[in-house]
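Structure provided below as structure tokens; questions to follow.
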Amino acid sequence: MIGVAVVGYGYWGPNLVRNLSEAAGTELIAVCDLNLDRLAAVRGRYPSVAVTDDYEAILRDPRIAAIAIATPVSTHFRLAMSALMAGKHVFLEKPIAPSSEEAERLIEEAERRGLVLAVDHTFVHTSAVRKMRELVEGGLGEIYYYDSVRVNLGLFQHDVSVIWDLAVHDLSIMDYVLPARPVAVSAMGMSHFPGEPENIAYLNLHFDSKLIAHVHVNWLAPVKVRRTLIGGSRKMVVYDDLEPSEKIKVYDKGITLKGEFQANGEAVRQALIGYRSGDMWAPHLDIAEALATELKEFVGCIETGGTPVADGHAGLRVVRILEAASASLCQRGRVVELEPARRVA
Amino acid sequence: MIGVAVVGYGYWGPNLVRNLSEAAGTELIAVCDLNLDRLAAVRGRYPSVAVTDDYEAILRDPRIAAIAIATPVSTHFRLAMSALMAGKHVFLEKPIAPSSEEAERLIEEAERRGLVLAVDHTFVHTSAVRKMRELVEGGLGEIYYYDSVRVNLGLFQHDVSVIWDLAVHDLSIMDYVLPARPVAVSAMGMSHFPGEPENIAYLNLHFDSKLIAHVHVNWLAPVKVRRTLIGGSRKMVVYDDLEPSEKIKVYDKGITLKGEFQANGEAVRQALIGYRSGDMWAPHLDIAEALATELKEFVGCIETGGTPVADGHAGLRVVRILEAASASLCQRGRVVELEPARRVA
Amino acid sequence: MIGVAVVGYGYWGPNLVRNLSEAAGTELIAVCDLNLDRLAAVRGRYPSVAVTDDYEAILRDPRIAAIAIATPVSTHFRLAMSALMAGKHVFLEKPIAPSSEEAERLIEEAERRGLVLAVDHTFVHTSAVRKMRELVEGGLGEIYYYDSVRVNLGLFQHDVSVIWDLAVHDLSIMDYVLPARPVAVSAMGMSHFPGEPENIAYLNLHFDSKLIAHVHVNWLAPVKVRRTLIGGSRKMVVYDDLEPSEKIKVYDKGITLKGEFQANGEAVRQALIGYRSGDMWAPHLDIAEALATELKEFVGCIETGGTPVADGHAGLRVVRILEAASASLCQRGRVVELEPARRVA
Amino acid sequence: MIGVAVVGYGYWGPNLVRNLSEAAGTELIAVCDLNLDRLAAVRGRYPSVAVTDDYEAILRDPRIAAIAIATPVSTHFRLAMSALMAGKHVFLEKPIAPSSEEAERLIEEAERRGLVLAVDHTFVHTSAVRKMRELVEGGLGEIYYYDSVRVNLGLFQHDVSVIWDLAVHDLSIMDYVLPARPVAVSAMGMSHFPGEPENIAYLNLHFDSKLIAHVHVNWLAPVKVRRTLIGGSRKMVVYDDLEPSEKIKVYDKGITLKGEFQANGEAVRQALIGYRSGDMWAPHLDIAEALATELKEFVGCIETGGTPVADGHAGLRVVRILEAASASLCQRGRVVELEPARRVA
């Protein structure tokens, strides 16, 4: 039985508390928040769980082996670092930190101390995204493109742009699903409200191959869209997260090249493009709650010394792309390289 | 009664022939094509229409006042220029020409001779696009963004990229609908097949204001999408061309800013963003065939000396953006300015 | 502050408990269930609420003024009757009772004692259904038909047919929305599993006018459908409960009759039917939880002596139709009259 | 080369003429219509085809071996009978005749003379309906129900009810797809316009098994729906004819009964119903025009002495159900038996 605490009981914290209070293998010992009304809400619903606004008390409590942090991103580094230094395993909201430098320091600290550092890339624990990875590894052939649209009306953030708020989901999914990692990023976007961060943005991810990836995020769209297309040389996928049951559709469609490529003097080619249109198939997906799966994995890693799917390095890779995209956004879409050395990290 | 000829009886020509043979105000005199089988097909269906593979004969025929050209874009300049020089009015497939220089010369020639030069920007004659323009002029408020997705499987072109084939539609619609004209373009794309032009591309259009426009075109998508979002400060529009009847949906949705912006020493602001969610409304749209409307306008312009909605200048503006986008595509998405002087043309 | 108890903590009871524990104006005093595990679950979540498996204790408790009953329908009469006889107001799950006779006795008892008897026809408290009623009263013109499809896979019931389980929703909505009440019912259906009640059924409701109503319910459908069409002489409505936001769409469409009806010897008519196709409009709908609205109304009625929208009479009318439909179902769809005297009740 | 004539150039006739003029194996010799304007239209488009308003001339013409009839249903019997008596093969619009008696006489005449009598049940020649039959024969298991909705706004007929106009499609599809034939019919409906036939109707088809079929047809619906559900013991199908490509979806979903059925004194059962939810699959469908396939089959039958899929007997079976449904409609939905002797025919 692993004792855990949750820090931050705002938008996402209640989901952590609910899952951790019901999970086998964990005992939810305390919830920490600076807001006393929120603590009262916890006390009302979970009378056996201690509440406190004193984070130091959490750190000192020897019964608490792991801390789940769901506070604003600007506080991630400080809270997570002191948790690690107090010897606690950490489960951290995404994005892992507001800068790659801080993310790196968290990784180092966790590794030095042999502690588990997990980032809450929730989507990679959904059956839909896992199926996509399976398909990318299995039947799609060479991956040509990844295109994602994630738009709706609200919720405007004031401290981070729509990229840090919405594209972070796509980047964490891509990090998990795609067979390659981007080498450069460019981004265009706009803030339509004075003093606010960008509310619409388009990201291009560049790879060392013919793979091309693109993300459209928008807080100001009239309709909600959560749709990803993956084009492969053999099959193609549509992932529509708003579909109640058939979220993943696999299309046995594509192009067949019957061309001859000869090179005598200059390349002579008579390409004959054929169109192949076969069945569509929507695999059955389990409907387990992703967060429950994820927390179970976190606990399992603590027990066995394993590494979570979304570990600190995954969190770092995503933050590096977010940083580069933000830099590009300020420079009218200039391509920003992702340094190779750091990519390997 | 205006005598007309159609040149090119391939993919689009039959629609021109059918419409011109049925239209009031025109007499379809001849159809010209180099392919004799196609001419035989015309003869079978329209026995009273002359057929020929000799374009010079068309140019010499004094009964023919206007020529509709539906040939590959590489032949547009030569055929249109000789038609204009022979004193014929010209209706030209989109894009008007493969280069802005040729487009400019066609415009000059037509203007010098007082001839009508129309470009077949078909979509601007649909009731859906006309309604969008009405809404942009009327109720949407300040336009924040224009986002279009035009993807499906096939038809791959071998001589032009997906931008020239598909984005040309979006650019002609934007040229008609938007209150401002772009000042710069950037584009990313990829060819996944050796020796073939780009089959997927993303265009960003930059404006002198906070307006931002983006187009996604793709010949290799598993599903067909034809969807445009327009975000305004007061209302927002979804235009889905695949909807059988409700192609245009107007959402009375948006953001309300109740912020105070004070500047003492450093800017202090307490923005309060509110979300407004009202009715949705799908205006009834006529279902007249766009091409019939367009040809009627062309004939009207010949009769009255008027200027078509999609004249040579509209065609030129679109080609300039296509050229700039192609240039950007080769330079990894570098922003390519559209020269101000030329923009005015 | 009105003291309430909830009886039955199975499928729906937890929603009652959650709403009543949070509602202003009520104090949730006790929860009663025969299953001790369920009571333990209540104690864990709501430590200040008493739990008991002794219904008599609830009836005796003077602090409890009202009882909400969410138990199997076969127990409704006994539990509700004893609650009324103990002087408690009653909020009763739908259908009100397994027979109209029992429903009548509950109504009589409540009326004699001046107690509020509400039936949980949840849908009539949704903004979508309220909007439909408004439209039926307002802009649709004469109502021609009401057609509802409510199908999906599962949850099979073993004690009642799909009519009592699913069609009860449609009947309660119709009771609230339609301007007239049915005079007869016929129903066809089938049980595909030995010993089980009918899992698919079609109901026809007959009216004294040209109004026709039909309901399709099915526990064994591959897809979930929750769609109602209402045809009026002036406008038509589609109500799709699965739409996340635009649940109600109003179509300004219809038929215009420009006929002349003359009768000389035999009727001579030259009807000219015209088709009118105007705008579609999706009114904005509030997203308040229906059950909260409903319980608030229940409490208000207790305080002011008012009558709930879905009172015992509404519950009775629905049960009469269910009874008649069940009778028809056993007789291959024979039309079963709803006795006029009883209709008035 | 089989010489054919088309009689009737109204709504459907032009499709027959176009297909027959392009088909291999047939020579379209003449088109007959009483309306001279229509004949002029034929002459304009098909200058080599003879036109006439004299049906006798068609019958006398020895070059004409087969006649395709697309006139109002009230004329079917007279025109088809005289064609058969003149020794011509007949391709007849659906429904085959306004009464089963007339249909029977046509069948007898055709059989006595060894002539092909085909009914234009177009849908049974679509790849979607053929796939459904394949699935019903193959993987769906025992068929539990067939449910079809065919509604939209217009086109109102004045001489026949919506059943004869729209349900005829469903009945011909069912005749082709289902493994059993109905033994009885009931129908409810309403005419909302004085002197007009029923514009909305609901049909129930009864079988000798647990199969149940239902059809909803409506000329006065705000939206167009063309959707059929087939429930089988192993799999289920959704056929949506408005889907551009995935018209057929097969759901590997259903119920599994793990019950024990014991009979000691009275039947004791503890049924355990399980829900199975597997993949969905949309088979690729060819997009050949159904009418072309159908006419090719007709010609093939003439050449080889074969029997068309939709022969006179299929046409008769459909008309018998239409007759019975009409009778039921007038009697408030009374169940009308389809006589066993005649069913066999």
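We just call them A, B, C and D in the order they show up, numbering each chain from 1.
FYI, contacts are C-beta pairs under 8 Å (C-beta built on N, C-alpha and C of every residue); 3 or more make two chains touch, one makes a residue touch a chain.
Labels paired with UniProt names: A, B, C, D = Oxidoreductase.
Because the structure is a prediction, the values reported are computed rather than measured.
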| item | value |
| --- | --- |
| Higher-contact pair (C-beta pairs counted), B-C versus B-D | B-C |
| Taking each chain's C-alpha mean as its centre, the one farthest from chain D (Oxidoreductase) | A |
| Inter-chain centre distance, chain A (Oxidoreductase) versus chain B (Oxidoreductase) - centres from mean C-alpha coordinates, in Å | 39 |
| Centre-to-centre distance between chain C (Oxidoreductase) and chain B (Oxidoreductase) (centres being mean Cα positions), rounded to whole Å | 53 |
| Rounded Å distance between chain B (Oxidoreductase) and chain D (Oxidoreductase), as computed from the means of their C-alpha atoms | 43 |
| Touching two or more other chains - residue numbers and ranges from chain C (Oxidoreductase) | 277 |
| Touch list for chain B (Oxidoreductase) against partner chain C (Oxidoreductase), complex | 245-246, 252, 277-284 |
| Touch list for chain A (Oxidoreductase) against partner chain C (Oxidoreductase), complex | 45, 47, 224, 242, 244 |
| List of chain A (Oxidoreductase) residues in touch with chain B (Oxidoreductase) within their complex | 144-145, 147, 149, 151, 153-154, 156, 158, 186, 188-196, 200, 202, 204, 206, 210, 212, 214, 216, 218, 220-223, 229, 231, 233, 236-238, 249, 251, 253-255, 257, 259, 261, 267, 269, 271, 273, 275, 277, 332-333, 335 |
